[in-house]
Amino acid sequence: MTDPAQLTHVDQAGAARMVDVTAKPVTGREAVAAGRLRTTPEVVDLLRRDGLPKGDALAVGRLAGIMGAKRTPDLIPLCHPIALHGVTVDLRLTTDSVEITATARTADRTGVEMEALTAVAVAGLALVDMVKAVDPAASVDAVRVLSKSGGKTGAWRRPEGRP
Amino acid sequence: MTDPAQLTHVDQAGAARMVDVTAKPVTGREAVAAGRLRTTPEVVDLLRRDGLPKGDALAVGRLAGIMGAKRTPDLIPLCHPIALHGVTVDLRLTTDSVEITATARTADRTGVEMEALTAVAVAGLALVDMVKAVDPAASVDAVRVLSKSGGKTGAWRRPEGRP
Amino acid sequence: MTDPAQLTHVDQAGAARMVDVTAKPVTGREAVAAGRLRTTPEVVDLLRRDGLPKGDALAVGRLAGIMGAKRTPDLIPLCHPIALHGVTVDLRLTTDSVEITATARTADRTGVEMEALTAVAVAGLALVDMVKAVDPAASVDAVRVLSKSGGKTGAWRRPEGRP
Amino acid sequence: MTDPAQLTHVDQAGAARMVDVTAKPVTGREAVAAGRLRTTPEVVDLLRRDGLPKGDALAVGRLAGIMGAKRTPDLIPLCHPIALHGVTVDLRLTTDSVEITATARTADRTGVEMEALTAVAVAGLALVDMVKAVDPAASVDAVRVLSKSGGKTGAWRRPEGRP
Amino acid sequence: MTDPAQLTHVDQAGAARMVDVTAKPVTGREAVAAGRLRTTPEVVDLLRRDGLPKGDALAVGRLAGIMGAKRTPDLIPLCHPIALHGVTVDLRLTTDSVEITATARTADRTGVEMEALTAVAVAGLALVDMVKAVDPAASVDAVRVLSKSGGKTGAWRRPEGRP
Amino acid sequence: MTDPAQLTHVDQAGAARMVDVTAKPVTGREAVAAGRLRTTPEVVDLLRRDGLPKGDALAVGRLAGIMGAKRTPDLIPLCHPIALHGVTVDLRLTTDSVEITATARTADRTGVEMEALTAVAVAGLALVDMVKAVDPAASVDAVRVLSKSGGKTGAWRRPEGRP
């Protein structure tokens, strides 16, 4: 039978805490997360044409994602401050979306899933901010971990069945 | 024919800027955004049972969302710092999801869609952080504006056809 | 009979929210808070002697308090971001304490008690940090509002009976 | 005879600096701090009744304390940024107070007293913010280190005689 | 004879404070600041060639400047938090430098010189960070106000004689 | 022939990224940077006279620089968050300038040039803020690295020929 204490940051009484990781080993860890900006073909066309010299729209998304990853412990109440050693945010245009993939890496005591997820979500929000005058209905969708490696639990890959 | 300068924060040359809103009137404005944590029935059951005295899991989501809304101008590169006058984050449990709704209000020169969207996205990320030991495939989905009002453009309601 | 909803930032169901203040008038508001660093006569003597040219110990306390006041909405989950128009932090040495008084002022929709209290608390913590090698038992005591004025509730003065 | 340079972060000339700890060993360290919200029996009763399903008032205090601990190097001018590995904030209701205890842990080059003290002070301020409509005279009292361990100076326990 | 109290944020006794501006009128204000990244022709050539589709180097400078302007009250101890209504950062390549110009605008109680200067300085630092592998001697030079307008003191233009 | 990818944080396609440093060794590193506040003899005289008991003007510069160094990863988009182990900011008055020197130290995977440069720039900006009522034309000049040591590239000293 399930127990609320299985929730990551809640003790037996249900009170929030930042779990002590002092005893966990420092190992190389990586997490890959993805998500997407759902918008219209017209907006994707604008973003594509902005891919001219000095066109900053996609750069805003990439940089917001990278800087957002660094703010993860400020945003997620029970996340540990971590030595983030590398972050990339890749943006790929389809017909009516921008596919966002973020990779976060560290050599530390906890994983970097939350950093990768935060990079994707903030990149997505920053892209909404860029396009909202043209498409006020643009949305951020399917922000999820694709894979992670390192640490005690080792490699994990997203099951096929999960959306 | 479309023009990259239609993108909200990009000038004719495609360079990013924070648009000058000095001349815009101070009016009451509101935005409602929504999204969801997609997870498993087992996790929803854990969250429900945590709804006992001192159970903090859902409170973590609500507070992360409210505090995240206040960090919007730090996270979204071209957002204006704004006098945020009220934020609520409501969480509703379904069979296999937590439905997140955030309302942001201000009396200022620009709208608060980004604040409402950021509240939803950060609440969703914080909930992922709470449940990821049990469900590492939990995702944040459909972060979108439902409606907004106030300002020059007036009331807007999400079209039915948009996902 | 008392009702949990009387708590400042909790709705009828007990859920945290940032109360909407859009409709409140913009008025001049002021709050004065106080507190003290409790330490030893030896430490107070060190701080006094540091009051020589370029002695920064008390300046660290004053500046930490002023800068801390500006971080209030980042620290206090349900506080509104506010246009803080003036902050002073005064430090007065006694035999075995540093008496801290902070005044915060604004012309905005909500009061500035939390800003004045945060200034006092952070100034006190910064002073502890300065003296802790000499007095690891130094404490921050009696962080409280002395008076406030402005807004709908008008002037308030701390009752004599309260410690 | 005492020397201002004994103050933790001041050089011989009295100028503030962040002391170089590069050469200090990385060891497990822990600090426990405590303090209290002094208020009225009526308020404690409200907080107790809020301890119903979804009652967030005490959760706000706990989370503000944990998140505040992470902001310590932003708030305390000469504190080192540190790899904070665990934080707990415990709240215990008495007749007319909330007793706050925070524990901070790390494996790093400097101690975590300031992190534990900041957790207590910010938790206390957040509780004041929750109750101030009912008790504007609520105060934060006796923010102090109870014990610490690890590092060169080793274990320290608060002397009985100190308030 | 001159008086230390003429220094902007220091009282008669020399103690730092954040000056009370509650009584100052809300007026439209603008400040223009400039500065330059001094580097080598080889680096300028690299930046120019990066001005291809998706080349982010100059975008990083522009965005860092805009986001830095929003952090001004966090960085400059006695600066007021301000409603920043618009910021632009322009970068112009010469033979061996990048000329940086920033414009900040608000309708508030204090001027925005510090916001414009911070935008220039942070843009310059971010550009140093981009080029430092090729030119570790790159520097940020001549960060200064060119002009400001609005407020009681009205229009000011940099005197010709000042470097 | 030069390649944009030589730019520190840009990939072959010109897209910004935070370079992965997981594989780099943890070594002791130090960087010394310098710069200056250019102002008038009258202002330098005011700063000198403020060097009386409790005169905070120079302390504001020193503390802003130290605290600014800690904010480097928040300000510089592609900088790694780093375990900053020591920072000093020295201010020396000349006839018409304040010479600023900052030293940053760490034992980590990347260098601390950006931290030292940020300390100098923010100290300079804070001093401008202190003197701008008397000298609105004060500027921050020649923010540059003097030397660095540690890491794979080893010791570097600023070439004589560079301004």
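Here the chain labels run A, B, C, D, E and F in written order, and each chain numbers its own residues starting at 1.
Just so it is clear, contacts are C-beta pairs under 8 Å (C-beta built on N, C-alpha and C of every residue); 3 or more make two chains touch, one makes a residue touch a chain.
Computed from a predicted model, the values in this text were never measured in an experiment.
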Set of chains whose contacts include both subunit E and subunit C: B, F
Treat touching chains as neighbours and tell me the shortest step distance from subunit A to subunit C. 2
Residue numbers at the subunit E-subunit F contact, same meaning over half shared and different meaning under half, come out as same
Geometric centre distance via CA averages, subunit C-subunit B, whole Å: 31
Where subunit B and subunit F are represented by their mean Cα positions, the distance between them in whole Å: 36
Could you put a whole-Å number on the gap between the CA centroids of subunit A and subunit B? 15
Counting only residues that touch at least two other chains, what does the list for subunit D look like? 15-16, 52-56, 59-60, 62-63, 67, 71, 74, 77-78, 81-83
Chain contact topology under the given definition, line, ring, star, complete or other? other
Using the contact rule from the top, write out all pairs of chains that touch. A-B, A-D, A-E, A-F, B-C, B-D, B-E, C-D, C-E, C-F, D-F, E-F
Along subunit E, where are the residues that touch subunit C in the complex? 11, 15-22, 73-74, 77-78, 80-83, 108-109
Subunit F residues touching subunit E in their complex are 2-4, 6-10, 13-16, 35, 38, 42, 45-47, 49-50, 52-57, 59-60, 63-64, 67-68, 71, 74-79, 113-114, 117-118, 121-122, 124-126, 128-134, 136-145, 148, 156, 158-159, 162-163
For subunit E, which residues are in contact with subunit A within the complex? 51-56, 58-60, 62-63, 67
Which residues of subunit F touch subunit D in the complex? 28, 59, 62-63, 66-67, 69-71, 81-90, 105-107
